[in-house]
Amino acid sequence: MDETDPGDFRERVTRSYERQQFMRTLGAELTRVEHAMVEIEMPFNPKLTQQHGFLHAGVISAALDAACGYAAYTVIDPEASILTIEFKVNLMSPGRGDRFLFRGEITKPGSTIIVADGRAYALSNGPAKLIASMSGSMMVIRGREDVTG
Amino acid sequence: MDETDPGDFRERVTRSYERQQFMRTLGAELTRVEHAMVEIEMPFNPKLTQQHGFLHAGVISAALDAACGYAAYTVIDPEASILTIEFKVNLMSPGRGDRFLFRGEITKPGSTIIVADGRAYALSNGPAKLIASMSGSMMVIRGREDVTG
Amino acid sequence: MDETDPGDFRERVTRSYERQQFMRTLGAELTRVEHAMVEIEMPFNPKLTQQHGFLHAGVISAALDAACGYAAYTVIDPEASILTIEFKVNLMSPGRGDRFLFRGEITKPGSTIIVADGRAYALSNGPAKLIASMSGSMMVIRGREDVTG
Amino acid sequence: MDETDPGDFRERVTRSYERQQFMRTLGAELTRVEHAMVEIEMPFNPKLTQQHGFLHAGVISAALDAACGYAAYTVIDPEASILTIEFKVNLMSPGRGDRFLFRGEITKPGSTIIVADGRAYALSNGPAKLIASMSGSMMVIRGREDVTG
């Protein structure tokens, strides 16, 4: 099966995502998996807030990192895995909303380093509001027993 | 009371931290508050892991952001508040350990922008292991009703 | 004259750009100024290279920072000025090419903080090649005598 | 000769630095090479300024990137080379001064990825002033003909 076969990467991403216990803790669901693009959504939850009652920057980072990381999974071969090297997050508006959408997209695929960009949106009545962006570098991992899938 | 009065900033930081519901969700405790430096600690918890069983990068980011943000609180006047503009996280080693320590320190104070750096360590038997670093910019907020304390 | 009047911001950007002596040192020209978007171009020059003969990451950063900063100038009022708070650059491919194009675009305007994203391309025969991206935060400055225009 | 032999890495760093034509264009000199730490210095020069007459952020980035990159060279084996994956720069104070000092230090060595941190200082009469910091990721390159030394 070819590495860009949709069924193949969707299944791999879904299976790996289900092992991310922290995404379950956040109530974050994988809602879209395309070649080089993944979306995650979550409802607002007071347990995920910082001191002013907004969604915590760490929650935004976690969901954006997962969206970017799984976008990277869709462009690698099935035996490889992904580890995040680094990311930067710009917080543009307070994390206020009924729901949140996190989209990760591949800016530059690669055999060792993959560059991904993400955007986070607050969803309420009215148009989606951009609340944060991420730019990150992911490393393609092969042959490490503690880093598979 | 002067802005660098230890009792004053410690009390303000502690009170604000207690309103960060996400820190409670993570099981993260404020363990040290000094002028320009704050430490947070948390035990390992499988609910906070990514797909390989390591502490999720988003958890590391959340605790480092809180440590850096509260370090910023210790150098501002009591009426002001702090919002994170942006941060970058470098993930250096897998988040594996019994406990984790997150230290935030002020690199450059300022009346509008404060630059902070953070380091995350995994603690087990043996020496602490550096697992991540953060560099972030915080904005000092005054006179906004939705951003106080 | 209204702040988004094309003539007005184009003239302000051009006048400020001409005072950037470092852009002249790089041989970098302002080639496009639109609302929220600026492009800069430069030819390859061996004087701007690193040890492997590629365009130096610092040159790429300088031109991307200028493109992002001037994109910010196009969305502020005429009396204000811009200082870069921080930026992150991802270097995706070696800086090899006949010419280079640097585009800065505003992701989030604001009265105090403006977030901009930039992309750098190498131009030779064939399609433009993405070599780097920038994400940066700019501060809107008013009333500081050493930071005008 | 062992990879941490001082003479060996000093010679390699110096030889590679001399091939960085852009450092010569900037008037930047390698002033200190230690294991895991490199310093570069340059005098103020109006040709390197932005629109307000301060040292351009791109010049600061170039020198910090070189200092961090060569700090990485001191911890790799002699046959390997270094490429910068990404860096983030925080600009804390205007680049005003008679001379500037750029120090790069290794935060985390590694066989594939090396994390380095840098600091830039303005030097005039009086104490050195911190003007910028960098945090960057470098990749260790082996066996690529276009990336040697």
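Going in written order, the chains are labelled A, B, C and D, and every chain counts its residues from 1.
The rule is simple: contacts are C-beta pairs under 8 Å (C-beta built on N, C-alpha and C of every residue); 3 or more make two chains touch, one makes a residue touch a chain.
Which protein is which chain? UniProt says A, B, C, D = Medium/long-chain acyl-CoA thioesterase YigI.
Since the model is a prediction, treat every value here as computed from it, not as a measurement.
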{"item": "Reaching chain C from chain B through chains that touch each other, fewest steps", "value": "1"}
{"item": "Longest centre-to-centre distance from chain C, chain (CA-based)", "value": "B"}
{"item": "Comparison of A-C and A-B (more C-beta pairs in contact)", "value": "A-B"}
{"item": "Intercentroid distance (Cα basis), chain D paired with chain A, Å", "value": "33"}
{"item": "Gap in Å, rounded to a whole number, between the CA centres of chain C and chain A", "value": "29"}
{"item": "Centroid spacing, where centroids are CA-atom means, of chain A and chain B in whole angstrom", "value": "22"}
{"item": "Residues of chain C whose C-beta touches two or more other chains", "value": "85-86, 88, 90, 137"}
{"item": "Contact footprint of chain C on chain D as seen in their complex", "value": "16-17, 19-22, 24-25, 46-52, 56-59, 61-63, 65-66, 81, 83-91, 94, 146-149"}
{"item": "Parts of chain B lying in touch with chain D, wherever the complex brings them together", "value": "88, 90, 92-93, 107-108, 110, 115, 117, 130, 133, 135, 137"}
{"item": "Residues of chain B that touch chain C when the two form their complex", "value": "85-86, 88, 112-113, 137, 139"}
